[in-house]
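The following pair of complexes shares a single chain, chain A, combined with chain B in the former and chain C in the latter.
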Partner chain A sequence: MSAIILLSILGVVLLYMGLGNNKRLLAPVGILGLAGAGALSFLDRRPLPAWGHGAMAFDDLSVAFCVAMAGITLLLFVFGSDYYSRTQENVAEHYALLVFSLTGAFLLTSYQNLLMLFLGIEVLSIPLYILAGGKKRSYRSSEAGFKYFLLGSFATAFFLMGIALVYGMAGSFDLKIIGDYATANAEHPAALFLVGMFFIAVGLGFKVAAVPFHFWSPDVYEGAPTIITAFMSTVVKMGSFAAVYRLIGVHITALPLAVERTLWAITILTLLIGNLIALRQSHFKRLMAYSSIAHTGFLLMAVLSGDALAGRALFYYTLTYALATVGLFVVFTLAKRAANGDEHIRIFRGMFKSKPWLAAATLIMLLSLAGIPPTAGFLAKYQVFVLAVQNGYVWATLFAAVMAVLGIYYYLKVIRETFTPNEEGAVLQLNATNTAVIAVCGIGALLLGVWPMGLI
Partner chain B sequence: MNDIVTAIRTVPLEHYVMLSFVLFSIGMAGAMFRRNTIIVLMCLELMFNSVNLLLTAFSAHHGDPGGQVFVFFIMLVAAAEVTVGLAIVVMMKRNVDSVDINQLNRMRG
Partner chain C sequence: MMLLTLALVLLPMLAGIALLVARPHAQAKSIALLTSVIGLGLAVALYAGYDATNGSVIAFQHDWAPAIGLRMVFGYDGISLLMVLLTAIVFPFIIGAGWKKPLSEPALVNGLILLTQSALFGVFLAQNAFLFYVFYELSLVPVFFLLLRWGGEGRRAITMKFFIYTVLGGLTLLFGLVYSYLQLPAPRNADFATLQKVVIAPDVQLWLFWVLFLGFAIKMPMFPLHSWQPDTYTMAPIQGTMILGGVMLKMGIYGVVRFVLPIVPAGVAHWRDVVIVLSLIGCLYAAWIAFRQNDLKRLVAWSSLSHVGLMCAALFAANTAGITGALYQTLAHAILVVALLYLVGGLHERLGTAQLDAMGGLKARMPRLAALFLLVMIGSVALPLTQGFVGEWLMFNGLFEVSPWWTFLGVISIILGAVYMLFAYQRSMLGEAHKAGDLADADEIDHWVLVPLIAATFILGVYPQPVLDLLQAPVEQLLTLIK
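For the complex of A and B:
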């Protein structure tokens, strides 16, 4: 809880720093604050108190998610000190909004009633609407911000309707009471409760970009500034999956049959559509968007397996996915700069010849996303498959495994470009901060796979 | 306060549910089919308010104030969202000189 207070203050401090002329100080102050927030949430872990009359409660899993999200945002701030050094506009707002959004993600890991869930989602999303449209002069950025805002609010309305109906049936916003109500009426759920759960599923499905509520994500990923795209595909994904797991993995375990079947259908569709459409993408950001949709499918499968260990598997999966994704977006930004703003995957060409270590890190991160041993991505996917098989979802697991193999193809496309020699073209420039971020991500993606440090 | 709750209770719950479903559907249809961004924002607001109505009715019928507290939070968040939304509409107007939704739909793939 003290971490959330610190983050709120940090956001305001960053905003005020924007008034002065000390643009160079923004990232260091932000990094210090984020490190503090991560440390505070770690130190607060015992005893694990409930806050605000049972509105929030931290457990080990939510502490782990909080620390990891603070860490990933910290990496993005280190990257941001270089990314934003080239923009002339005011950047204090960007840092501050990222911090505010992270505060919302913290709420999502530890809510105990639907009100905090709603507030968490909104505090997470509203800054992102602004950030996605952050390049004021760019048409594509405007389109991204506008689409994200419109579809996000639309989904929020559905989500709220779902909350209202569930409240009407269960008589409370408290997750324990709702969970008990769902268990007591598992055989014959009231129609309004069913509709409410469907609406909540629509709202959350939109946030995690599950098919058929995914159509916003490629456009928003493409149009938003790269650092924001990286934030959306990592921290936002971690936060919303922490929220989904807390809702249907921990509290409302006895889902009505119709809802559970629908969620499985969504999972299968997400795996299928995400991987299939990713196959024919050659624009790097859109490729990452569809790859993120495909990963959503695997994560949903872990949640729906209903295993007691699903939370740990989710955490490990999202962490490894986030590490690889952040690193790749940094590499992408550097390559894009060298190629004068081109975003096609051909900009990776010739990297092995000019910067072999960078190419090696890129290779590790792509292999981790594809799920090939010995990288962390392999262990993460393996873990999800084991959970699903143990709980009797053999066919779904087989299908997911086929999709995982299919997914290897489009990551290999990028790897091929990385190792193709290119005679002409500018050599990309690395500086110390970016090297540090890429090194942390690359080594993390490899190390977590070889030695998971008790995370699984 | 109790008078209001009693007054709300004089109407059966089903009527509130039907009314808010109708309002929600009108808002949804408008948000999906209207092309003017300002109208779309108004339709989103209508959807939020239908939820507010439903929450208030449920709250009164359950005799639990929690639902009405939630309504305040929804109003607050909806205000914040519309603020951001209008700012985005202004940015859009500057970039494409129109508030037509179709003008802002060029990315494909």
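For the complex of A and C:
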């Protein structure tokens, strides 16, 4: 809880710092604050019913998610000190909004009642609507912001309606009571409860970009400033999945059959569509958008397996996914700079020649996303397969394994570009902070695979 | 034993990484050769210290991610040891094949070759199913780069095709392993010793068989999953083809022995005829196509396909002679493929082409090379006294126990094999010379590479007992598991 308070204060402080002219101090202050928030959430864990009459509880899993999300945001801030040094005005607002959004993500990991869930989602999303449109003079960025806002509020409306209906049937916002209600009525669920759960699924499905609620994500990923895209595909994903898991993995475990079947259908569709469309992408950010959708499919599978260890698997998966993704977006930004703003994957060409270490790190991160051993991404996928098969979802797992092959194809395409010589010879520039971020991500993606440190 | 086993995996890995990082282009091939020779020494030491009556030896174990069955367990039995020896024997020659005319950036090439070797040692020494899988996939990565960077025409597309094909088999294998592992009772791990005792319902085995087998069938490759192979073999640099055909293909055979036969015996019994028939069709079909080839490298690719079809068929005969023969043949085939490809590479270097119609009358211009070619050819058509003969004789024995007719088909493929090989020899070495002029005959390095390989062919052909001793106990154990 104190971490959330610290983050809120940090956001306000950053906003006020924007009044002065000292742009350089923003990132360091933010980094200190984030480190503090990570440390506080670790020190401050307290089980149910700890805060606000049982509205929030910080168990081990939510603490792990909070620390990891603070860490990933911290990496993005380190990257931001370079990213924002040349492209942006109003930098303070950007940092502040990122921190506010992170606050929402913290709420999502630890809510105990549906109102806090709603609050978390809104606190997470509203800053993102602004951030996605952060490049004020860019047509694409404005489109991204507006599209995200419109579709996002549409989904929110569904979500709110769902909460209202579930409240109407269960008589409480409290997850435990709703969970008990669902278990008691597992055989013959009330129609309104069903509809409510469907609507909630729509809202959350939108947040995690599950098919068929994914249409916003490629355009928003493409249009938003790269650092925001990186934030959306990592921290937002982690927070949203922590929320999904808390809702249907921990509390409402006895899902009505219709809802469960729908969710499996969504999972299968997400795996299929995400991977299939990603095959044809040659624009890096759109590729990452569709691959992110595909990863959503694997993560949903872990949640729906209903295994007691699904939370750990989700954490490991999202953490390793986030590490690789952040690093790749940093590399992409550097390559894009060298290529004068081109965003096609061919901008990775020639990297091996000019910066072999950078190419090696890129290789590790891409292999991790593709799930090839010995990187962390392999253990993550393999763990999901184990959980799903263990709980009897044999054919879905086989399907997911085949879909993972498609995933390997499009990541390999990027790897192939990275190791193809370049005719033009634009050389990308690395500075110390970016090197540090990429090194942390690359080493993390490899090390967690070789030595999972008890996370599995 | 622990140190030896770990050193086998770690030494080439560290040397390979060192080569990739430091890039000493001038010394690269010496370092790589030295490493692989030390690797051979280690493998021989491992073999010398192995007592065949011991069964399988666990040399090192450590938990990795025990919650999902992944443990770091290294060890070996006779079959593993044969594969390790095969890998260790072949790699110095593969590195030697790049001695005279190295590919560009030799440090990278040799570094990648050593990394592949390390992964292959890992594959054959792993005693845990998931650890096996880790190395199985890992071995693809350096090969991917070898093909992508040093391959011939069309390498970008062909490399992708190769990789995706193999990875498809890999992921279904992973799924199959996960499924089999989860059928074990609760405190479980996926070590071979445990996993081999798994009991799976017979009706499940019917589909699980294909899930497990698909990856290995692609790796070998078995007809009709072979469409990646001829292009990849032809396009790859000679050393890459040697790795693919000499060693990586054997991962398929090894995988069938390790996983398919013991885990899904009922599935094997049910699908045996289908697999054998497909393999024999592939065997004949590939032999026929090899006969029609004009490009010598393509011919070797198709002939490899033909040979591996026979090995696969014999393996699925699932009796002592068949399995022993197939495993014995892996060694023979590895040595042969490397020698043949070395010759193809040598001819290509001298003539600038590997097309048969551009050759002819070469014997007159380079008699020593022609003699070496002839000796390799004799091994390839499996004349008695060569090790190919021992392997084939055993394989036919195994097949005969199942059905004489299949043996008959197999024998036809051997005849075809003799025909296309001798025909190729005739077209390249004998007859009228197309062009006059001097060609460099086989030099010292050619002899250093080819003579030991040819010698091995004949020694193991006359005295195969050490290898057969190695195989006897584990094959018997495997058969008791199947029954």
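Please note the rule applied: the second predicted complex is superposed on the first by the 450 of 456 C-alpha atoms of A that agree within 3 Å, B and C clash if a C-alpha of one lies under 4 Å from a C-alpha of the other, contacts with A are read in each partner's own complex, and residues count from 1 in each chain.
FYI, a contact is a pair of C-beta atoms (placed from the backbone, for glycine too) under 8 Å apart; a residue touches a chain by one contact, two chains touch by 3 or more.
Only a predicted model underlies this, so the values are computations on that prediction, with no experimental measurement involved.
Enquirer: May I ask you to decide whether A:L398 touches chain B, chain C, both, or neither, giving the answer as first, second, both or neither?
Expert: Second partner only.
Enquirer: By the touch definition at the top of the document, which applies to A:E122: first (chain B), second (chain C), both, or neither?
Expert: Only chain B is touched by A:E122; chain C is not.
Enquirer: Once the structures are superposed on A, label A:Y167 by its partner contacts, choosing first (chain B), second (chain C), both or neither.
Expert: Touch partner of A:Y167: chain B, not chain C.
Enquirer: Using the touch criterion from the header, give the chain among chain B and chain C with more contacted residues in chain A.
Expert: B
Enquirer: Where on chain A do chain B and chain C both make contact?
Expert: none
Enquirer: List the residues on chain A that touch chain B in their complex, please.
Expert: Residues in contact with chain B: 115, 118-119, 122, 126, 129-130, 133, 136-137, 139-140, 142-147, 149-150, 153-154, 156-157, 160-161, 163-165, 167-168, 171-173, 192, 218-219, 222-223, 281, 283, 286.
Enquirer: Where on chain B does chain A make contact in their complex?
Expert: By the definition above, chain B touches chain A via 13, 17, 20, 24, 27-28, 31, 40, 44, 47-48, 50-51, 54-55, 58, 62, 64, 66-67, 69-70, 73-74, 77, 80-81, 84-85, 87-89, 91-92, 95-96, 101, 104-107, 109.
Enquirer: Can you check the complex and tell me which residues of chain C touch chain A?
Expert: 64-65, 67-70, 130, 133-135, 137-138, 140-141, 144-145, 148-149, 156, 159-160, 163-164, 167-168, 171-172, 174-175, 178-179, 181-182, 211
Enquirer: Would you tell me which residues of chain A are touching chain C in their complex?
Expert: Residue positions touching the partner: 309, 367, 372-374, 378-379, 382-383, 385-386, 389-390, 394, 397-398, 401-402, 404-405, 408-409, 412-413, 416, 419-420, 452, 456.
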